[in-house]
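One chain, chain A, appears in both complexes that follow, with chain B as partner in the first and chain C in the second.
For the complex of A and B:
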C-alpha cells in the first residue's frame, strides 16, 4: 500500500516536524475564523453607537470614545424605516407561511412515492438554475401590469419570496415525512380516514417540529433576500434594499444601526437552530 | 387507499410546482421572448447590439473569473476549517460558532460591513497605515484589486456552507480506516492523501456543483462593493441597463446569456454529481 510505504519511510524527525506544522496551521485557521467573524462585527456595533465623526475620522477610531443612542433613535424616528421594518416582517411571515404549506405538500408527495420524489427534486433543482435577474426584470413588468409592482404592502415581493422558499421548506420537511412509518398511516386508513384527513391529522402533527423549523428558515430567507427586493420594491422598500441605500449614500451611523438590527433575528435563529439548519443547508447548498 | 391517495399526491405535487413555474419560470420565458422582440418582429437586434458593447464582454469574462476565484478560496478555507473542527474528539465551540457566524449574518449586512472595512478611508487601510504600509484602493472601480476584494468578500459569506457540507462528508468516513492507516505507519499527511481525500471526493463534487451554480449568479457583492459597472458581471450589467438606462429589452438579452451560462454549467454539473456524488446532492 502506497500510504504505508510513504509513512514508514518518514524519519521520526520529519514526522514530528509535520505534526508541528499541522498544529500551527490549525491554530492559524482557528484564529482566522475567529477574527473574520468577530472583528468586523465589533466594528459594526461600535459604529452604530458612536458619533459619525469617530467613523469618518482619519485614522478611524478603533475604540468607542463617546457613546450615543442617536442612530437607533434616528432609525426608529424616520417613517421610512418603520415602514420598511413592518414590511419586512409582513413579507417574511406571509411568504414563510405560504411556502411552508406548499413545501409540506411537495415534501409529503416526495416522501410517499418514487414518481413524486423525481418530480419534486426536478422542480427543486430546476428553479435553482434560474438567475434572479432573468426572473426579476420580466416579473417586475408582469407585476406592473397586474398593479402589484412596488405596492406599499409588498404583496408582489411576498409572492416571489414564497416561490423561492418552497424548495427550502420542501427539503426541510422531506426527511420528517419520510421518517413516519407507513404502518401508522395504514392504521388510520383502516379506521376509515381519507388520505387528506390522514395527512392533516396524522402526518402534520407528527412533523410539527420540522414544520416550525421550515417556517423559521423561510422567514430568514425572506428577511435576508436582497436582489428581488431591490428590483421589485423600488420606493416602498424592505430592510435589505433600505440598508443598501443608506450605505451607498453615506449615512454611516443609521446604516450601522440598521445593520445591527437586521442581524439580530438571523444570528439568534442560526445559533439556536444549528442542527436543523445544517440539514437544510446541506440539501440546498445555497445562501 | 391507492386511488384516492394517488390523487392527493398528484394534487400535492401539482400545486407547489405550478406556483413555482408561474412565479419564476413563466416570467423568465416572457423575458426570453422580450429579448428577441424588436418593434414587433423576431430579431437578434438586441443581442447584436450587446455583442458590440465592450462592457458586456468584460461582464461575461468577470462572470467566469469571479466565481472560479470565489470557489477556490471558499473550498480551500472551508476544507481547512472542516478538518480543524473534526480533527479533535472535543470540538472547540468558539471556533465552531465563529466559523458559522458569517453565514448567519444577512448578506447585505456582510456587504455593508465589507464596504466600511475596504473603503479608501476604512479600517483595512487604517491598519495598513498603522503598520507603516501603503493604503490600497481595495474597491476602486476597474482595479484588479477590486476583483480580489469581491472574491474574498463573496467567499467570506459562503465558506461556512462549504465547511458544513464537507464536515458532513468527513463524518461519514469510518474511523477504522484511520486506525488501519496508522497501523500501517501512515503519518497525518499520508492519512489525508490516501484516506480522507478519496473518501471525501463525492462530498467535494456535490458541494462544488451546488456552490458553483450559486456562484455564477453573483450580484449583490459586486453591486454593493463597486457599483453596477465597477467590476461588471452579467447580473449587474443587466441591472444597470434596466435600472439606470431604462432599457428592459437590452437588460433581458444580457440576463438570458447569464441564464444560458448557468443552465449549461448547471446541467453539466448536476449530471456529473448524479454520476459521482448522488447522495450528497439528493439526486439518487
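For the complex of A and C:
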C-alpha cells in the first residue's frame, strides 16, 4: 500500500519533470527562432542610423554608438524615391486587390464544384510549377506591343504581379470557402437569396479573415518582387530595383535606410489587418 | 383528412452511388405534423431535400395546393427548413439571422423589427437578440433556427433530424416545446427522424420508410398496433418486437416454433410457414385463461427502472439460440427457467417471404 502510493508519487514527480523540461525546450526554441528572425532586422535598422565606419568596425559594434540621420537624408534627397514609393504602393495595392477578387472567384468554384476543383487545381499548380522568370522576356515583348512596358503608372508590372498572385490568393481562400457548410448556403437559398446574394452576404463575410490574409500575402508578394520589376520598369522604377542599385554601388548606409523604409508599409498592413487575420485562424470551424 | 397542402406523385430520385427514393406518392394535410421515419439510407433525407427544392427529382411531381410546382419561384417562399446543424449565419447576430429572409424581401425596417420579435417569442426565444450564434447553447440555436424559419410565414416547415445534435436530457423538453410550437403556429411540419420514440411522440402521422419507399403511412397508434410489415414492427417500438418463424401444424390448430408447439391458431388460408411477431411488453409471467405459453431459460436481464428487459432462449426447441425478449415488472435472475405467457389476440402475423402483415 505504502509502496504503491510511493510509486504513484514518483511517477507524478517524473511526469512533472518531463513536462517542465518540455516547456523549457519550447521556450528555448521559440527564443532562438525569434532571435534568428530579429537579429538581421536589428542590424539593418542599426546600419541605417549609424555611420558606415561603425558598420564595418572590427571588432563589431553590436549597439549604435553614434546616431546619424545622414543615410535617410541621402535617400530622401534622391528625386526618384518619391515616384518609386508611390509606384510600389500603387502596384502592391492594385495587384493585391485584383488578385484577391479574381482568386476569390476561382477559390469559390474550386470549393463548390468537382469540375471547378479539378480545373482550378490544375491551373493553380500549373502556373506555380512554371519558373516565372522564364516567361519574363516574352512578357516584356507582349507588354511592349500593348504599350504597357515601362509606363510611369507601372500598370504593366501590376498586371504581371496580379497574375503571379492569383494562385496564392486562390489557395488561401479555397480552404476558407471549403470550410463553410453547404447547409448554410442552402438555408440562405431557401430564405430567398439569389446565388450572387448568397456569395456576397454569406460566403464573403464568413471568409473575411482569409480574404484579409490573401490580400496581405499578395501585397507582400508584389512589394518584394524584384525580377519582373527590374525587367519591366527599366526607367520608371519601383522600390526593390532602387534598393538593388544602392547595394551594388556599395552604399550600405543608404541601402539600409531604404530597406527600413520599405519594411514600414508591410508592417503597417499586417498590424492593421491583425485582428481579422487572427480571427481567421481562430474561427475556421464555421459550423 | 383536412385540406391538403402538398401532394407528391411518383417521385423518383436515384443516385449513382445507390440510395434515393423511387415512386413515392404522398399527400400532406394542412397543419399536420408528419414524421418521415427510417434507418439511415432509407431515403428520408432525400425526400425532404426534394420537398425543399434543394434537389431535383428524376421523375414525378411535387405540388403545393394551388398548383405551385417545386420548380416555381413562389414554391420556395412557402417552405422553410431547419437543418440538422441549424445552419445559422455565424457572422450575423440572432436578430440579423431571423431578419435575413425579410431583408431579402425588402420588408420595411419597422415591420422587420415587429415580425422578428413576434417570431422569436413564438419560438420561445428568451434572450438578447444582439448575441451571436456561437454564444448560444444547442437548444437556443434550435429556437433561433425555428424563429428564422417561421418569420416569413411559410406553409410548411421542414426539419432534418433537428433534435439530433442536442443531448438526451434536452431532447425530451425540446420535443414537447416543438409540438407545442406546432400547435400554436398551426403550420405544417415535415420532420425527418431515425428515432422511433421521437417519431411516435411528435407525429400526427408518420411514414416509415425503407429502401427508398414508404412501407407504411399512418398515425403512430396505427403503426404501433398494426404494423404493415415485419420491418415496421421491428423498427417501431423499443425493445424491438420478437419475430419468430413458425410452421403451421397439419391439424391447423396450432403452430410450432422449431418443434415447440404453441396453441396459437394460425391465420386463415395459410399453410406452411408464418412469422409471428410479439412485442416484449406483451409477454408476462402471469398465466391467463386462453393464453399461450413459452418456456425459456433467462440469459440476461437489463434493469431499466419500472421494468426489466429480459433476454431468454426458448427451451425444448430443436434449434438452439432462438431468442425471446420480454419486458416485465418482476425481478428475474439470469439462469432461471421461466414460462412466458401472451395473449393470442396480440400476436402479429407476417408472411415469411414478403414480410407483409397477414
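For the reader, a short list of remarks on this structure follows.
As a working rule, the second predicted complex is superposed on the first by the 205 of 287 C-alpha atoms of A that agree within 3 Å, B and C clash if a C-alpha of one lies under 4 Å from a C-alpha of the other, contacts with A are read in each partner's own complex, and residues count from 1 in each chain.
Operating definition for what follows: a residue touches a chain if its C-beta (ideal position, glycine included) is under 8 Å from a C-beta of that chain, and two chains touch if they have at least 3 such contacts.
Quick caveat: nothing in here was measured; it's all calculated off a predicted structure.
By the touch criterion stated above, A:181 is placed in contact with chain C alone, chain B being left untouched. Judged by the touch definition given at the top, the superposed model places A:105 against chain B, while chain C stays out of reach. When the shared chain is aligned, chain C comes close enough to touch A:197, but chain B does not. Contacts of A:170 after superposition: chain B is touched, whereas chain C is not reached. In the superposed pair of complexes, A:189 makes contact with chain B and with chain C alike.
Of the two partner chains, chain C is the only one that A:205 touches; chain B does not reach it. When the two complexes are superposed, the chain touching more residues of chain A, out of chain B and chain C, is B. Look at A:93: by the touch rule set out above, it reaches neither chain B nor chain C.
The intersection of chain A residues touching chain B with those touching chain C, taken from the two complexes, comprises 186, 189, 283, 286-287. On the side of chain B, the complex with chain A involves touching residues 1, 4-13, 15-17, 19-20, 22-25, 27-28, 30-31, 34, 77, 80-81, 84, 87, 92, 94-95, 97-109, 111-117, 121-123, 126, 129-130, 156-158, 161, 164-165, 168, 181, 184-191, 193-195, 206-207, 210-211, 213-214, 216-217, 219-220, 223-224, 234-235, 238-239, 242-243, 248, 251-252, 255-256, 258-259, 262-263, 266-267, 270, 280-283.
Partner chain A is touched in their complex by these residues of chain C: 52-54, 76-77, 79-81, 83-85, 87-91, 100-101, 104-105, 148, 152. Listed in rising order, the residues of chain A touching chain C in the complex are 181, 183-184, 186-193, 197, 201-202, 205-206, 208, 283, 286-287. On the chain A side of its complex with chain B, the touching residues are 1-4, 6-8, 10, 15, 18-19, 22, 25-26, 29-30, 32-34, 36-38, 40-41, 43-44, 47, 55-56, 58-60, 62, 102-103, 105-106, 108-109, 112-113, 116, 119-121, 123, 125, 127-135, 137-139, 141-142, 159-160, 162-164, 166-167, 170-171, 186, 189, 194-196, 198-199, 223-224, 226-227, 231, 240, 243-244, 247-248, 252, 255-256, 259, 262-263, 266-267, 269-271, 274, 278, 281-287.
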